[in-house]
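Pasting the structures here.
Note that subunit A is present in both complexes that follow, paired respectively with subunit B and with subunit C.
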Partner chain A sequence: MAKPKLGIFSLTGCGGDQLMILNMENELLDLLSYFEIKDFQEGSSYHEDVELDIALVEGSVSTETDLKRLKEIREKSKTLIALGDCAIGGCVQAMRNGQMSMAERMKKVYGVEEDYYDVLEPKGLSAHVKVDLEIPGCPIEKTEIFRAITSLLHGDLPETIDYPVCVECKLNGYPCVLVEKGMPCLGPLTTAGCDARCPGLGLDCIGCRGPIPDEANAAAELDVLLEKGYDEKYIINRLRFFGGNFEDIQKLTKKISERRNKTEGNE
Partner chain B sequence: MKRVIEVEELTRVEGHGRVEVVIDGEEIKDVNMAIFEGPRFFEAFIETVHYEKVPDIMRRICAICTASHSLASIRAIEKAFNVKVTEQTSLLRDLLIHGEMIESHALHVFMLALPDYLGFPDAVRMASKYPKEVKAALRLKQAGNMVHNIVSGREVHGMNERVGGFSTVPSEQDLKQIKMVMAATKPTAELAVDLFAKLETPKFAESDNVLMALDPGDKFGFMGDYVLVSDGTRHPVENYQALTNERTVKYSHAKFSSYKGSSFMVGALPRVLLNKDKLEGTAAALYDEHKDLLTQNNTLTNNLAQAIELVHSVDRCIEDIDALLSNGLKNEGLVEIEVKANRGTAAVEAPRGILYHDYTFDGEGCIVKCNVITPTAQNAANMEKDYRAAAKRLISEPDEKLVNASNLSLEPTTHAYPARCT
Partner chain C sequence: MYKKLAKTEFPRFFEGLGNLGKVYGPVNIEGSTYEFREVQSPEEMDLKYTRTMIPPKKFFLGTKETMYTFDEEKAVYTPAIGKQEKTIIFGIHACDIHALKLLDKVYMDELMDLFYTMKRRNTILIGISCHPDEYCFCKSMGTSYATDGFDLFLHELSDGYFVRVGSEKGHQIIEANKPLFIDADEKDVEEFKMNEKKRLEEFNLELNVLGLQDMLDLAYESPVWQETADECFGCGTCNLTCPTCRCYDVVDYVGLDLKTGERVRRWDSCMLRKHGLVAGGLNFRPTRTERLRNRFNCKGSLTEGMLNCVGCGRCTVYCPAEINFVEVMKKVIGEL
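Let's turn to the complex of A and B:
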């Protein structure tokens, strides 16, 4: 049987998801030998512009150039996989979406007008093209990408995770940092799969695997954290670290800022 | 006649870069090194964020030097709030940054740079001819990642190092395991030195280099509060703006730096040359043996300097662990922080060179203003200077050989610098 043709691509991000593939030091050489690698920007100078069976794409769409490349990749790939938070919801660079315009960002960082570079408000891949599978994480977990790649070799898509970090926290028997220590943990609305790494180290979850699709209840989290004594600005920033593009969190931000403006208007 | 050489997408770099050289007759008209990694605006979106989670966000600027960003960020915050950390914390941070250096240099030296010299497009294909060497390189890289995992919590974007200390102190057993792996993999670090000392380093990019590195104090290392320049001057890191003079350029998303009107280089070669007297043990001996090969004006000798730093870092990890264990590990918790409206600037040596973080806080400990200068931004202008020198020899190449000749010189010049981090 012919080996599937694989391409690994990167748009705007930190390069961490490709790096996690390179970090599979024990499995890397064996795993890649099952494929014909046609593109791997971070790891190889080899490049062949051909139809692909699988494209792994990390990074957010943050420039017109990103968007053009993404469309080309989609066009030539049977299966397109979004690798990591940047490619799913834009990750941290989407934190101020809907809050701070691109013009303002350009002014603050480069001191120039918006059209100086071809920037777009950062979004995940599915905002622009059809995506066949999303693998969350900032960065992705090695076990998860390994499982995904081996499933794909057998012609299947792997199962996705639809439960919160709290489940893994409980399974590990960690004390709840939110209830017991009052720490601002985002575990209840964050996609599991990290084995509750942060609570395991005595830290509160910052939500780096993104809100659970269709399940995360941001309003309930806000209420819990308000009750614990955190202020709205702090909580909203917190929810936006990895959730700037999620509808529920955007709605919540809008509601709060409208309420604030109203109160300030009444004073 | 006008000819344009373009390397559309530089590969085996983390991030996105493009080089364009315009030759007109016998003259090089223009050299543009564009870093077109999409801009992410960290300095803008971090405003109003409470200090405690600032390092968790800022470290996501770069995957491969995530701990460097995290430590620069933490130290800038600690300077703003006058936080003094314990000896154990300092040792664990030193261990972490040396682990990062191993992970990054092993990847860079063996997997990104070496294929150029041996004529392979990548390390995976190189492994078909040199399986033993590539596997050894992966084990060395893994040793560095083991430090990330145990000290920081994971390989990329860890979380355990905090403002004021470590959330959870690693166990004695885990530290002993790192030590064992480091000792076992040291020969691979020495092999890297041997390889790059034997390979003939091309001289096509040779041109005047101004060097900058942090002054690590008495011993060679990667943290410090002063910057050394090859013109013999020494400056507090707080003066970084006068040292870097960043400017925005249209064709690159990374800003360009200059010092007294000239480009300058940061990274392993500047560190080794400016702090050579501080090297110890095997690294010092290897430096002495090969010092004639490390030349200030040939950026391509950076790979050999990285290899020497690999040996230094392996030894230092062992030394730090010995010190931690002989002091006895304590669960000391985090130092209490008292926030105030203030500014703090700190620098660390990321694998690619000096990295500055500069924050201003309001009275509640939230960010009012932020500025980060990455090593890639500092090196970008110097890369252009090197490409220009390399391009000079391309003028005489006939058209049909031009693309190949440019690949043979521009790519290795790129791989002398580990590019990234916009």
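Let's turn to the complex of A and C:
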């Protein structure tokens, strides 16, 4: 049987997910030997523009160029896998989504209104094209991508994780930093798969694997942290750091800013 | 059989347990988090502990464990049975003993689970008396006292322990440590009885479980389910810290050769979205409200005559959303 053709691509992001693939030093050569690699930007300058069986795409769609590129990749690939938070929900570059226009953001960051880069509001791939599988992480976990690829090669559906970090804390017996220490842990909202690395070290989860789509209860997190004495703005910013593109978090932000405007108007 | 172990003999008794296997006891990890950990000396334990975050079920049903390894080419699968070690769980509370009795029914009597059974048979359970805190409601659940399901049970006295023997293994331990144990005299028996009576008066939390199954049935449409689900993260902490919850999920991981691999199970939770997902994509409990109602109904239902809740309070203590199990139950059945 012919080897499946693989392409690994980057849109807007730090390139950390491709780096994680390169970091799989013990398995990398054996794993890649199952494929004909047609594109692997961070691994080689070799490139061949052909139809692909699997495309792994990291990075968010943040420019018109990204979007054009993504559509081309989708067109020529049987299976499209979004790799990492950027490719799923836009990650940190999406933290002001739904809150501030791109023109305002350009003005704030670069001090100009001209759109030099043909920017789009940063979004994940699925906002624009059909995505077959999403592998979260900032960056992705080596084990997860390894398991996803071996599953696909074996002809199985890869395991998708849609439970929160709390599960992994309990399975590992880590004391709850939210319950025991009142730390502003985002574990209850955040997609697991990291084996609760940070709470295991006594640190609160900052949500780097993104909120669980259509499941994370952001309003409850806000209530819990408010009750623990955290500032509303701080909590919202924390939720937005990796979750700015998520509908529930956007709704919550809107509700709060409307309420604030109302109170200020009354004063 | 009732014996007495004097406080002065306790260290020697504990030391002797080390000859029978690995000894695990309650150790304080942080704040209200205790864990059964391997211990070498009594000083490492806190025998006045409230509850461990992770219940003793972890000894028999690994949080994450390999069940089988497989080789597709050779068409074989091999149960992953590691070295079987003798384990002594020291200082288990009555509620947790009741929970294990329930798990035994499910994992050994109904349908024998190889992995659970092997570990369970290699274990000695030594119970210890406790005092309730504001989250304990085992008295209401009828689990505040264990009559069986343990090998030895130690009840603290002013100058030692009043020891109840619950099994053949328990007798053997007493026999092997004969010089350390004396017969309990009248004064010891009186103290034991008095302590038990006093202890029952210490409970502040109560839940009326009479007709609970009917009350839950009748409350199927209660708005409390939705109100509670709005506060709930659906994070599974309540299930994972529950001594009677026993669902697990199974995943196959294939190796780099794409021929060999392993079948792994890990604790599951009915509060998680995929718990109700079946082949074909149907999810019979798609919303958090349905999942929450299901969990409370499960806890309020019976398995072979036993309630699926032993009143240990873990689900309330460790809930990051501070959802109070007893309070929700009372609201639902109209007692609050």
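Of note:
The working rule: the second predicted complex is superposed on the first by the 266 of 267 C-alpha atoms of A that agree within 3 Å, B and C clash if a C-alpha of one lies under 4 Å from a C-alpha of the other, contacts with A are read in each partner's own complex, and residues count from 1 in each chain.
Note that contacts are C-beta pairs under 8 Å (C-beta built on N, C-alpha and C of every residue); 3 or more make two chains touch, one makes a residue touch a chain.
For clarity, every value in this text was computed on a predicted model and none was experimentally measured.
Aligning the two structures on subunit A places subunit B and subunit C next to each other without any clash.
In the superposed model, A:L203 makes contact with subunit B only, not with subunit C. In the superposition on chain A, A:R147 contacts subunit C only, with no contact to subunit B. In the superposition on chain A, A:T63 makes contact with subunit B only, not with subunit C.
In the superposed model, more residues of subunit A are touched by B than by the other of subunit B and subunit C.
In the superposed pair of complexes, A:L186 makes contact with neither subunit B nor subunit C.
Using the contact criterion defined above for the overlaid structures, shared-chain residue A:L22 touches subunit B, although it does not reach subunit C. Of the two partner chains placed by the overlay, neither subunit B nor subunit C lies in contact with A:L83.
Closest CA pair between subunit B and subunit C after superposition: 15 Å apart. In the superposition on chain A, no residue of subunit A contacts both subunit B and subunit C. Subunit A contributes residues 10-20, 22-23, 25-26, 28-29, 32, 37, 40-47, 59-60, 62-63, 65-66, 91-93, 95-96, 100, 104-106, 108-112, 116-117, 119, 122, 138-139, 197-198, 201-203, 206, 208, 233-234, 237-238, 241 to its touches with subunit B in the complex. Of all residues in subunit A, those touching subunit C in their complex are 27, 30-31, 34, 147, 150-151, 153-154, 156, 159, 162-164, 166-167, 170-173, 175-176, 178-181, 185, 187-189, 212, 215-217, 219-221, 223-224, 227. Here subunit B touches subunit A in the complex through residues 9, 11-16, 36-45, 48-50, 53, 56-57, 60-64, 66, 107, 111, 115, 121-125, 127, 131, 134-135, 138-139, 141-142, 145, 153-157, 159-160, 167-168, 248, 250, 253, 255, 411, 420, going by the rule given at the top. Residue ranges of subunit C in contact with subunit A, taken from their complex: 29-33, 35, 53-54, 58, 63-64, 230-237, 240-241, 251-256, 258, 266-267, 269, 272-274, 288, 317-322.
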